[in-house]
Amino acid sequence: MTPAVVAARLEPSPPRRRGPAGSRNQRTIAWLMMLPAAVLIITFLIVPIGLTFVLAFTDAKLISPRPAQFIGVDNFVRLFENGTFWASLRNTIIFTIVIVPFQSGLALGLALLVNTKMRGTNFFRTIYFLPLVTSIVVVSMLWLFMYQPNGLINSILARFGIQGPDWLGNPATALLAIILMSAWQAMGLHMVVWLAGLQTIPADLYEAADLDGASKWQQFANVTWPGLRQTRTFILITITIAAFGLFTQVNLMTQGGPLNATTTLVYQAVQTGFRQQQTGYASAISLVFFVLVLIVTLIQRYLTRDKEVR
Amino acid sequence: MWTHNAGNEAELAAIEAIVDAFNESQEEYTVKVQAFPQDSYNQSVVAAASSKSLPCILDIDGPNVPNWAWAGYLAPLEGIEDLVADYLPSTVGTYEDQIYSYGYYDVALTMVSRESYLNDNGIRIPTVEQPWTVDEFNAALETLKATGQFEYPADFATSFTGEWWPYAYSPLLQSFGGDLINRDDYRSADGVLNGPEAIEWATWFRSLVTNGYIPLKSGADPAADFINGKSAILYNGTWTATATRDAFDDVVFLPSIDAGNGPKIGGGSWQWGMSATCEDQEGALAYLKFAAADEWVAKVAGDTQNIPTTESAAAEVEGYGPDGENNIFRTYSEEFALVRPPTPGYPFIATTFQTAAQDILNGADPQQTLDQAVADIDANQESNNYFE
Amino acid sequence: MTEVIAHVADRTAPAPLEHEAGRTRPPVLRRVVGMAVRIVAALVFGLPLLFMVISSFKPDTQIFADLGGIQAFLPVGALSLDNYTGVFERVPFATFLFNSILISVLTVGLGIIVNSMAAFALARLRFRGQKLALGIILATLIVPFEVMALPLLWEVNLLPNVDSLGFYQGWLDTYQVQIVPFIANAFSIFLFYQYFDSIPKELDEAATVDGAGWFRIYRSIVMPLAGPAVATVAILMFLPAWNQYLWPLMVTQSEAVRPVMVGIDYFKQLNVSWGQIMAYASIITVPILILFIAFQRSFVNSIASSGVKG
């Protein structure tokens, strides 16, 4: 890379030019470059989603000698009368509301913890990152062991004189248990993302704060936190999306129970669509799911709108 | 030819031996084996069926046979009646009076315990003629609990998932006098799954947990817990026989309890059938006829330590000869086995029952839960036109 | 949301990696507490995985007997390689491993090319429908794979295929069914877009003056600058590709094309051998862990120091 280029890159990026759409040549090239991705996204994302929307209004079955029939909104009527559906909706929302601040907050704590020059920083950073690269299937099986009434977690609690509950067997704790293990698994990713955000904050800001005699807490509130604005939005959105899609852990650890305490929309969709073979009905659940996520995304967009202005 | 046996060396080897023998016995056809892991086998088959790429010969879990026959995935096995006449009824899959499948073996449910546990506490050892009644069983659990020797007096393996729930717990329901669906016409579950007998079953089932007799959720491996002395009575399948015998020399395999209608156990294990899309049905039938011989029943059942389906084969299998230690299992199958309802609606019924039973165990109101299950099952039967 | 900057893209100032280094050393007490917190966190994240590896050397009955205490984490008792021998007898591990590597590498490799090209067009070219295209791509981010699995299965059954015997219909039981649907990835496009958008546009103009075409700008100027984005995308695409579980179960039948994660199912029978499950979980996890321990340093550093190296 030439020095001139480096210099150019270190200057702040100028505001984006607003002008007429690019030249014809640019348009053609742009579409050519987008073509592979566009074809793939349409084929493997948009078409299946569209199909879901159509199937939601039919009585299609996974296995049946009879062709599917259009049945209007029957599936939705049935759905809204179904207690399991409301439980799924409730759990999905609770899971998301709890895990988003919990997981991102702890991940930020971890990031602050390893963002210092101390012996073994790299070692710790690696350890915290390990669960992320472990398959969620493996992780679920592991935690199944640890959550047993006389398993690892409860025997550790017993050392402190606490009688641990039957984590996955008790409706009061099952969702909490899933939240804890999910946060444990995914926290490493968000730690790294926070870490990257932290390291974009210029060191001289901290030095200035030091000169002003700011306490650690003031430094965090006035330098670190505002400096992480974009990171925050990014993490908020990625965790929310991941949280809504909760499925694998539930499927492997609790199958939605006990007493519907851990069933989620995605789990219910797979359960009815695949195991109970009611494709049309499952598509209706998926459709409700899409709408829900869309609403939440729009709300988030609204809440973070002023911060987006650059 | 597809089988669910990947990862199960003994059974796979036995099946491969049959295939090799068949391939050598004639020139016309060649059968090739492809093995799948059991846990996801049904998913593989359904996916293949939906794309019409099923193999000619495949094995099927017994209760799924009517569903697949109705959906047109399976073809009836013509001219096989005589060959399977001696088979245990639970190992032959029929739908609308036609035979679609047969299996080499069955498995049985049993209460595993140790003679010393029972004798030391003055508990009667039940027999086929005189199994435990519910009261007797409850009293035995109370006695065992009072010893303080066990974490739980019994373990019903509630940590297992999927088909285990209807397989293991619906027979208890049936012993009380209820059932999964009305077997007269297979149209509705009303009155059998939510009748007074069913409520009685549900109340008792839940009381096992509230009385501290069984863990609400068993450990990941209940047999290991039994071997480690955490439970005194293990409700499980005959597949635990080997491991528990290795661990204790006084292990006993007791009949299931009698809640008024005699002990019941689930019948029907993996069975062989032919796909409707098979291009060479004659060849597939030739294999299935060849493979239905006693010799192969003895081979597969013997190698997998399961219950041979025919008596003549049983004589050849170690442990199932006269006075064999495993004969008791065959007796259980003969005396107690009840197949899960042979209706195409079974997969739905099974998942619905699983949810209901789990909820009941967790303290949901029995009447309300079972009424809901009945409503769901009836709605599904109706939406499929009663599979007519 | 479209304007969110992923930190990979944030490269305004070359912040020193450890900006606390230059400041006064924190008091002893704080350092001790900090270290204690780190160690506790390391135990929380590391012990379950240690348990997995240790248990893989123990017989089943001992795993359960040890569950209640510290010996669950210690290599004590009747240790042996029996579980591993069992694993290799049950599962064609070499085939599975080869398949997983092939599938992951192709997904990541093709994904980087396809997604970066699309992102390049979106970020640096101007054409009609640009905003809409970006909006649609971002909207697909919210769809969890599980709810599309069934319609997607139906769709891949209809796709044309070819082998040595000629053309036929359906993609079941092939490599491509495990690769092609996952190449185009909205999240990867988004990350590349963020990054490309932050590279000064003057570079393009300078190159155009020199007579370079857009493809050349993409290949020779922008991509070489995008190392950190490539690393991030590679990791975020690799993990799901390697961990695919539900989909290969549905679409593959023969062991010749199945990946390692499906192998877990070979051990989940009614009479499970948990020792073998732990052994299998270990051999499919540990290589990835090692890869990431080696890679992690450059991953984090490349994000943090992207402004310096270029």
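Per-chain residue numbering starts at 1, and chain names A, B and C are given in the order in which the chains are listed.
In the analysis below, contacts are C-beta pairs under 8 Å (C-beta built on N, C-alpha and C of every residue); 3 or more make two chains touch, one makes a residue touch a chain.
Note that the structure is predicted; figures quoted are calculated from it, not measured.
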#### Entry: Pair sharing more residue contacts (C-beta pairs) when A-C is set against A-B
A-C
### Task
Quick one: point me to the chain whose Cα centre is farthest from that of subunit C.
B
### Task
Return the distance between the CA-based centres of subunit A and subunit B, expressed in whole Å.
40
## Note on the structure
Averaging C-alpha coordinates per chain, one finds the centres of subunit A and subunit C separated by a number of Å equal to 15
### Query
Touching two or more other chains, which residues of subunit A qualify?
62, 145, 148, 150, 274
### Query
Touching two or more other chains, which residues of subunit B qualify?
43, 50, 219-220
### Query
Of all the residues in subunit C, which ones touch at least 2 other chains?
154, 274
### Query
Residues of subunit C touching subunit B in their complex?
60-61, 63-65, 89-91, 153-154, 157, 170, 172-173, 249-251, 253-255, 262-263, 265-272, 274
### Summary
subunit A partner, complex, touching residues on subunit B are 43, 46, 49-50, 67-68, 70-73, 151, 161, 215-217, 219-220, 347-348, 351-352, 354-355, 358-359, 361-364, 372, 379-380, 383-385
## Note on the structure
Residue set of subunit B touching subunit C in the complex reads 2, 6-9, 34-40, 43-44, 47-48, 50-51, 53, 160, 164, 219-221, 223-225, 227-228, 237, 239-240, 243, 247
### Task
Flag every residue of subunit A that touches subunit C in the complex, lowest number first.
1, 5-6, 8-14, 16-17, 19, 21-22, 26-27, 29-31, 33-34, 36-38, 40-41, 43-49, 51-52, 55, 62, 110, 113-118, 120-122, 124-139, 141-143, 145-146, 148, 150-152, 155, 184, 187-188, 192-193, 195-197, 199-203, 206-207, 210, 230-231, 233-234, 237, 241, 244-245, 247-248, 266, 269-270, 273-274, 279, 282-283, 285-286, 289-290, 293-294, 297, 300-301, 304, 308-310
### Query
What residues of subunit A sit close enough to touch subunit B in their complex?
59, 61-66, 78, 83-84, 144-145, 148-150, 166, 168-171, 255-260, 271, 274-278
